[in-house]
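The block underneath contains the structure these notes are about, expressed in structure tokens.
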Amino acid sequence: MIRIQKEDFDVAAEIASVVGTDRSVGAVTVFIGLVRDINGGESIADMTLEHYPGMTEKMLARIEAEAMSRWPLSASLIIHRYGHLQPGDRIVLVISASAHRQAAFEASEFLVDWLKAKAPFWKRETTPEGARWVAARDNDAAAADRWTGEPRPIVV
Amino acid sequence: MIRIQKEDFDVAAEIASVVGTDRSVGAVTVFIGLVRDINGGESIADMTLEHYPGMTEKMLARIEAEAMSRWPLSASLIIHRYGHLQPGDRIVLVISASAHRQAAFEASEFLVDWLKAKAPFWKRETTPEGARWVAARDNDAAAADRWTGEPRPIVV
Amino acid sequence: MKILYFAWIRSRIGLSEETVDLPDGVSKAGELLDWLRGRGPEYADALRDASVVRIAVNEEYASLDAPVAAGDEVALFPPVTGG
Amino acid sequence: MKILYFAWIRSRIGLSEETVDLPDGVSKAGELLDWLRGRGPEYADALRDASVVRIAVNEEYASLDAPVAAGDEVALFPPVTGG
């Protein structure tokens, strides 16, 4: 499941909906990305997230489908917010549910790495020196690339 | 923080308490372990978790301290339940909070791997053929051992 | 052809979206970029460094060599920074 | 010396805890295991395969070579299966 929304999300309710009544789930991993009050040494007053409606949905759905094909997941979820956010606000939620923990951990890490590298979102931060567009980090590209090699065998 | 308890836990409340008012946290990773309704091909009616009071607290505190020394974490939490549990019930909760996601993901995976290999808990399952003690899995030992090599450099 | 601009490419050009007729001699994304650079100093400035311009054709990432045609939706934006 | 048993070692021996005087000639955990095996068939059965018996002395994992002394708390249990 994927959702792109302006509103905050309820982490506990989303975990419950991902697991549902599936009693074969033994491991749930969750990633929550938050707005930090400092970035690159500068204090952040607030942030605006812009995105490309249409392409964003397409990319997130494809990234999730890729994770479902690589790992034996019962279900997964990506929620990404856009619009105006402040330090401490939640930006993104990723959940993976599987029988065992290795698949759940790897899938969530993969989902976050790929959405950071591929989903068309852009952050604009307000600092004491004014507003600035956040620059992409080289190691986000490197993190995404490490999933292109041979996968670690999944032990179930 | 570590807790060993019979009662269930409130995931959202625990996440909120781990993050607190620390606005330097950009990434929170959560692991929830659940009782599955099937294990080794047999259906599970219920489960009892026995532990070694005293040593359990000592081991979990040491494992958490090890994670805090290996990764730049703002905070972390391990909650492990004992007693009578049923399929779908939560067994364990691990939370790691950090400025960036690599540390948060690695720390949570480490905490789960090490607690599975070192914390003195034992599971007894009820199957249609009667009750049985769960056998340790070789790959849990292997998962714990992979943290003994050189760490992956942390990019902040 | 619809052209969308995002983030600082949008701010520098001063437009989020425009509709243009497919220019003569433009059949690839890179040729469209070259043509846009000639439309004015704000375009030239925003699109100067191709290494920080990402291209999507019909909501799919595309290279400078990718074909573009009338009716396509082409988006130009900097490297993404979500998550 | 207090000796604790957990999980199937506890069920097979039929005791969760007992207090014994440090036997003569026992100064290491392995020697204590050998002595316990001689206490009866349920002990011999539960402790037969040392490869699935974990030892903790005063709540710390210990090897067969680890010293044990009067006043220690020694725990014997199978490989752990929490998480």
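Labels A, B, C and D are assigned to the chains in the order they are written; within every chain, residues are numbered from 1.
The rule is simple: a residue touches a chain if its C-beta (ideal position, glycine included) is under 8 Å from a C-beta of that chain, and two chains touch if they have at least 3 such contacts.
Keep in mind that what you see is a predicted model, and the values were worked out from it rather than measured.
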| item | value |
| --- | --- |
| Set of chains adjacent to chain B and to chain D | none |
| Number of hops, chain B to chain C, where each hop joins two touching chains | 2 |
| Farthest chain relative to chain A (centres taken as mean CA coordinates) | D |
| Distance between chain centroids, defined by C-alpha means - chain A, chain C (Å) | 27 |
| Chain A and chain D: spacing of chain centres that average the CA atoms, whole Å | 48 |
| Chain C and chain D, separation of their C-alpha mean positions in angstrom | 73 |
| Where chain A and chain B are represented by their mean Cα positions, the distance between them in whole Å | 22 |
| Touching two or more other chains - residue numbers and ranges from chain A | 33, 112 |
| Set of all touching chain pairs, with the criterion as stated earlier | A-B, A-C, B-D |
| Partner chain D, residues of chain B touching it in the complex | 33, 49-52, 54-55, 58, 80, 91-92, 112, 115-124, 133-136, 140 |
| Chain C to chain A touching residues, read off their complex | 4, 6-8, 11, 56, 59-61, 75, 77-83 |
| Of all residues in chain B, those that touch chain A in their complex | 10-12, 15, 19, 21, 23-38, 87-88, 99, 101-102, 104-105, 108-109, 112, 139, 143, 155 |
